[in-house]
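Two complexes follow with chain A in common, the first pairing it with chain B and the second with chain C.
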Partner chain A sequence: MKVFKTCNTIIKRRITAMALYFLIFLALTVIMPILTADQHTLDFFEMKPNFTVINRDGDTPLSEGLAAYLGARGNKVVLDDRLETLQDASFYRATDYIIILPQGFRDAFFSGGTVKIKTVATTDSAKGFYVDMLINQYLNQARFYGSPDGMGEEALAAAVIRDLSAETRVETKRFGAGAPISTGFLIYNRMLSYMVIILIILCVSNITSAFRRPDMRMRNLCSPLKPRSMSLQQILCGVLVSAAVWVSLTVLGFIMYGSELAAADRRTVGLILLNTLVITLLALSVASLVSSFIRSANSQNAAANFVSLGLCFLGGVFVPLDLFGEGLLMASRFTPVYWYSTALDNIFALTSFEWGVMAPIWQAMLTQLIFTAAFFCLALVIGKHINQSEKSFSSVQTELDA
Partner chain B sequence: MFWNIYWKRILWFVRNTETIIWTWIFPLMLATLFYAVFTNIDASGQFSRMPVGVVDNGAYRQDAAFRAALESVSGEGDGSLFDLRLLPSQGEADTLLEKGEIDGYILVEDVPVLIVSGSGLRQTITKSFIDRYLQTKGAVEAVILRGGDFESVSAFLEPADYTEEISLSQNPPTEKVGYFYALLAMVCLYGGFQGMTTVTGLQANLSPLGARRTMAPVGRFRMVAYDMLGGVTTQYMCLLVIVAYINFVLGVSFGPKLWLVLLTCLAGSLLGVAFGAMISVTSKLKAQAKIAVLITVTMVCCFLSGLMVSGINYTVVQNAPAVAWLNPAARIADAFYCLYYYDTYERFFLNIGIIMAMTTAMLAVTAVFVRRQRYESI
Partner chain C sequence: MAEITGRGPNGAGASPVIKVRSLVKRYGELVALDHFELEVRRGEIFGLLGPNGSGKTTAINCMLSLLKYGKGEVSLFGEPMKSDNYAVKKRIGVVMQNVAVFNELTVVENIDYFCGLYVPEKAKRKALTDEAIAFTGLDDYRKFLPKKLSGGLLRRLNIACGIAHKPELIFLDEPTVAVDPQSRNHILEGIRELNRNGATVVYTSHYMEEVEQLCTRIMIMDKGKAVATGTKEELKAMIRTGEKLTAEIYDLPENVLGEIRGVDGIFQADYSDNRLTARYPADGRHMITILDILRRGNVAFGRVSSEPPTLNDVFLEITGKELKD
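Showing the complex of A and B:
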């Protein structure tokens, strides 16, 4: 096992660089789900859009009642009445809906005038539509009471809110055996595929490029070790590195989301683990293929970034597949990560474990394995071709040449 | 002498495949991927008709008012809320809900009940519609009980629209452009490779070229300035190609003032080159380690400027304004954003001023370290 021991020595020498890569990508994988995941609960809860009230009409019971009514159904975001502040908040979705109560609105409203509330929302946004509904419901209810002269404006606003307190009963049906798994864990598993691919490419190419140094290759080829044995020992090291990456990320996932997974169906969690194991094998095959073309440390970095970002962008890791156009979706079917994302989405949407429901998941995993086998075969063919080529003995650079 | 150094610097770039990959091909590939996957990103929160079921039982058939209310907001027309499906039984409704073919279904017993399998905005809007029906029904019944007239009741039956949508800018807000602006900020900071090359090629302890140049009969300041100018030129050319590709091929808008976009690219190129020179000159690491530091710092700055998560730059501004204002990538991305979304130019020029101030400070630090360097041995 001399080659295997040498692989370990290479890893030990480059452990700092590998650890740096691991930490950078780990930070990304941990931060992304935290920033983008939705609330996780088993019971029905109303989505609360962020809204801002800019009151240019002064504080009146009518406007305060409106703010209170919306506050119970959304999250109030306080902003200054400055154009730049409102533009920034609207552009970066800090608030989903800005309500500008124009001067004289209260008087016009009670006198039956036509002064309207100015609103800012993303065109055709569902959240904008929802807040529109709420505002009109509040004001139409207030209109019913007509003038506040008789009962007083504060009593009117209180009566409107009381009228609008009637709520529909909502029942939540659970179809799966266990509790649903949080979207945070879904996003973590999506990001995991990116991390697995880039880390395994970087680690495996680091190991193999050392063996492809011309002087080392010439020396090894005249040694008593068979080329097959050398290749197998390198593959074994690659498998162990891949396993280490997979175990680390899986354990991290359980540490971060363990409490949310406790109530989930064990079979669902098992399927998620199986899917991540399949993508790890796929990443190893991609790394074997990519390593064949790597000539220097810089091209190693470039190749790892190009391949991992390309596969993951097209595979629906960073942006859900639902948002892809028809043409792009068709193209992404020819990338392996698409099948990983598809399997993952189907696993998270599982409601039963019948064959009909499970079939798309097995199909997606099988497709990944077919890609894996194809990439391994291609890597072997290219490796053989490169071994027989005279040029290969003078085209690999390592840090010793630099 | 100027043309000699300047031209050779440009030739070096053209012949250096790795720098071309990182500053040219990699951003072009990322821009293409961004375009491919972010084209429909703004559609993610858009409203569309919701598939909702209603169990067609006896109670539903008898509740004419609710039936009329549901039918008035269902169908194909404008203002339609629901793609309503009449379902013969609750079992059928459960099957469709399990398959995800409907967002939820309504079961009318004494009052309508909403049955869902999860939470979301679509379910919330459906609930809100039924709430509205129940509230209106309650109010109308109260009016009738109090002996109210037809005019009072009609206030509920013909609701008025009190809102009017306005726009805060001539260009629509879109999440898509932020990614491209952060990408351009990344390309600007990748100009650090140029600055790093300038320093490496001038320091005798870092490269054979540096050793030869140290002995050349040319003033150090002039040599650094000419070389750096060559680096800025190549970096600026890279940015122009990428901006042209993003603007004219991918169709991403930069606002109406294209010459100000070019000015931002120039300021960003200067900043990037100065940034790389400063990182290179202030540390005694090996070339590979310096590249690792440059890429790591660039990626952290770009992450905080919104390259990976849209809107994170706004969060940083709200929670740690000093970090946002000192982040070179955030200032470059913000300058592009101002050109796109603002109708005025105060903040744009403030950004350009900060970028130039950072560049000056970085060049000053570089000058302090490069000045009068002597080597006892190399």
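Showing the complex of A and C:
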């Protein structure tokens, strides 16, 4: 196992460079959930708009009921019914919404005629839509009762407010046994794919560039060690390194999100781990393929960065797939990391473990494995071609080159 | 140009360790080896001498089965040499023309790695590694990475990696290229030591002085062919030049040069760059004759030297061109 041990030594010598990538990854996985926290928050808080009612119809139970209804859901701002005052208040956002009930409003409403209410809302504000909605709810409910004859206007207004104040009890039920997993862990797992790919490419290319150097290949071929044994020992080292990378990143994830994962459904956690294991295998195949083309130690970092960043960008690791245009999305489907991200998104969005819901996840993982097999085959073909080609020795300076 | 083959006393009658018959190797249109023949006997330091591009490295790569060849046979230790003949490979040590070591490993790790390809037992390997380090004088650099070593030390490391497992047959392909004189002497002395310890050595170089002082038998190669083989004495005996005279002369009249050329036995006399060069058989009288002619012709001359023929003269006479070319 001399070759295997030497491969390990070579990787150990490059551990500093790899540790640097690891630290950058660690920083990103800590910072990114904080930066994106606002976009992903699921907490709800009630918005209370400032509103003003200018009542030119006189005090009627209908208009007073409307003001009371709005007052329960917003902050009432009292203003004089003067144009300048209203303009200033709207401009300086002292009030978000001004509703002007015209003269004859009550009569027109109960007679079934057209009711024209003037409203002024501050621009680019969701509060305006909210108050619009509240007014429509109140008036539609009042119209539902029709004429106040028989029950009286005050009773009608009270009934409308009572109706609209009724609350529906909503009970949230989660599938599975566990607690939800945070968005932070989703981001961690997205970034993990980048880390896995770049680290494994760096490790594998370090090994292959050392052993595939033409002079070194010639020297090794002179030895009594069979080339097959030499290749197998290198592959074994690649597999071991990949396993080490996967275990390290998984353990790190458990350290960072351990409490959440302990409370989460174990089947979901298992699926996430399985998906990361699949991307690790995929990364090993990508690394085998990429390292076939790496000829010098200098090009290793460039190639590793180019391939890992390219695949992860197209795969939706850094930018959510939702933001991709149709063309880019189509292109990304031909990259393996897209299927990793898809599987991950589907796992985080799981509502049950039924076949119909799980099918897209299995399909995405299977697609990754197909990519893995294809890359391995391609790497083997290229490797065999390099081994058999005398041209691979061409960079060794011989007399004929001199 | 005819092939001249001599047979000296060194290793005569010993069994051949390397036997190459009618080897032909082509790179496209270029014929790198043209019916190349070679026989190296046990215990020899066999030198392959030739200018760049003569086919020395190609011959070695074919012998080691690193290159496929179109025609011919190669046998090492009496067995046909194939790329999967691992039993034979185990008995061979190779020092490549290019320094083939891992940049990521230290001196001791590199030697241990290459030794480990031949010797699986750890304790034995450690002893052999230490021995190779001492042999090549790398004791002070055990923990150094190759990039921290000078060119000469790198070459020594390259040699240590090739010989650590104590092979019976060692191929050394231009091991002293770009090496300072001190390291070169160290390397050459090391090769002699290996040979004294029983190793058969095949040594390629385009430095004729090196080959001349080191090798027991020499093959001169040109254009993929062996043009002459033998001990250095045998090779020198193959040519007419027995002695070469050089005289510094400010002005040499044409008639005086003609008179020198007319002397019986002097087969070449040239004058250029204020220097007269004459070649003739080594019989001890031609030098005096030439100096007499110069004196009679009132030609003033400075330093005069006479030397025996070199391998370059052998190469020049056989191929019609300088070995340095």
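The rule is simple: the second predicted complex is superposed on the first by the 251 of 402 C-alpha atoms of A that agree within 3 Å, B and C clash if a C-alpha of one lies under 4 Å from a C-alpha of the other, contacts with A are read in each partner's own complex, and residues count from 1 in each chain.
Just so it is clear, a residue touches a chain if its C-beta (ideal position, glycine included) is under 8 Å from a C-beta of that chain, and two chains touch if they have at least 3 such contacts.
None of these values were measured; they are calculated from a predicted model.
Peer 1: Could you figure out whether chain B or chain C reaches more residues of chain A?
Peer 2: With both complexes superposed on chain A, more residues of chain A are touched by B.
Peer 1: For A:119, using the defined touch cut-off, is the partner it touches chain B, chain C, both, or neither? Pick first, second, both or neither.
Peer 2: In the superposition, A:119 touches chain B alone.
Peer 1: Going by the contact rule set out at the top, does A:164 touch chain B (first), chain C (second), both, or neither?
Peer 2: The first partner, chain B, only.
Peer 1: Counting only touches as set out at the top, which of chain B and chain C does A:223 meet: first, second, both, neither?
Peer 2: It touches chain C, and chain B stays clear.
Peer 1: Now for A:91: first (chain B), second (chain C), both, or neither, which partner does it touch?
Peer 2: It touches chain B, and chain C stays clear.
Peer 1: Report for A:354: first if it touches chain B alone, second if chain C alone, otherwise both or neither.
Peer 2: Once the two structures are laid over each other on A, A:354 reaches no partner at all.
Peer 1: After the superposition on A, what does A:318 contact: first (chain B), second (chain C), both or neither?
Peer 2: first
Peer 1: After superposition on the shared chain, which partner residues are touched by A:6: those of chain B (first), chain C (second), both, or neither?
Peer 2: second
Peer 1: Is A:326 touching anything from chain B or chain C once the two structures are fitted on A? First, second, both or neither.
Peer 2: neither
Peer 1: Considering only the contact definition stated at the top, list the common interface residues of chain A for chain B and chain C.
Peer 2: Residues common to the chain A contacts of chain C and of chain B are 297, 399, 402, listed in rising order.
Peer 1: If you look only at chain B, which of its residues touch chain A in the complex?
Peer 2: 18, 21-22, 26, 29-30, 33-34, 36-48, 94, 97-98, 100, 111-125, 127-132, 134-135, 138-139, 143, 152, 155-156, 159-169, 172-173, 175, 178, 287-288, 291-292, 296, 299, 303, 308-314, 317-318, 337, 341-342, 347
Peer 1: Flag every residue of chain C that touches chain A in the complex, lowest number first.
Peer 2: My answer: residues 27, 30, 32, 50, 52-58, 61, 64, 66-68, 83-84, 86-87, 89-90, 92, 94, 96-100, 102-105, 109, 113-114, 116-118, 120, 161.
Peer 1: Spell out the residues on chain A that touch chain B in their complex, using ranges where they run on.
Peer 2: Listed in rising order, the residues of chain A that touch chain B are 17, 20, 24, 28, 31-32, 35-36, 39, 41, 44-47, 49, 73, 83-84, 86-94, 98, 100, 109, 116-130, 132-137, 139-141, 143-144, 163-164, 166-175, 180, 296-299, 302, 305-306, 309-310, 313-314, 318-320, 322-325, 328, 349, 351, 399, 402.
Peer 1: Under the stated contact criterion, what part of chain A meets chain C in this complex?
Peer 2: Its residues touching chain C are 2, 6, 9-10, 13-14, 206, 210, 213, 215-216, 218-226, 297, 390, 393, 396-400, 402.
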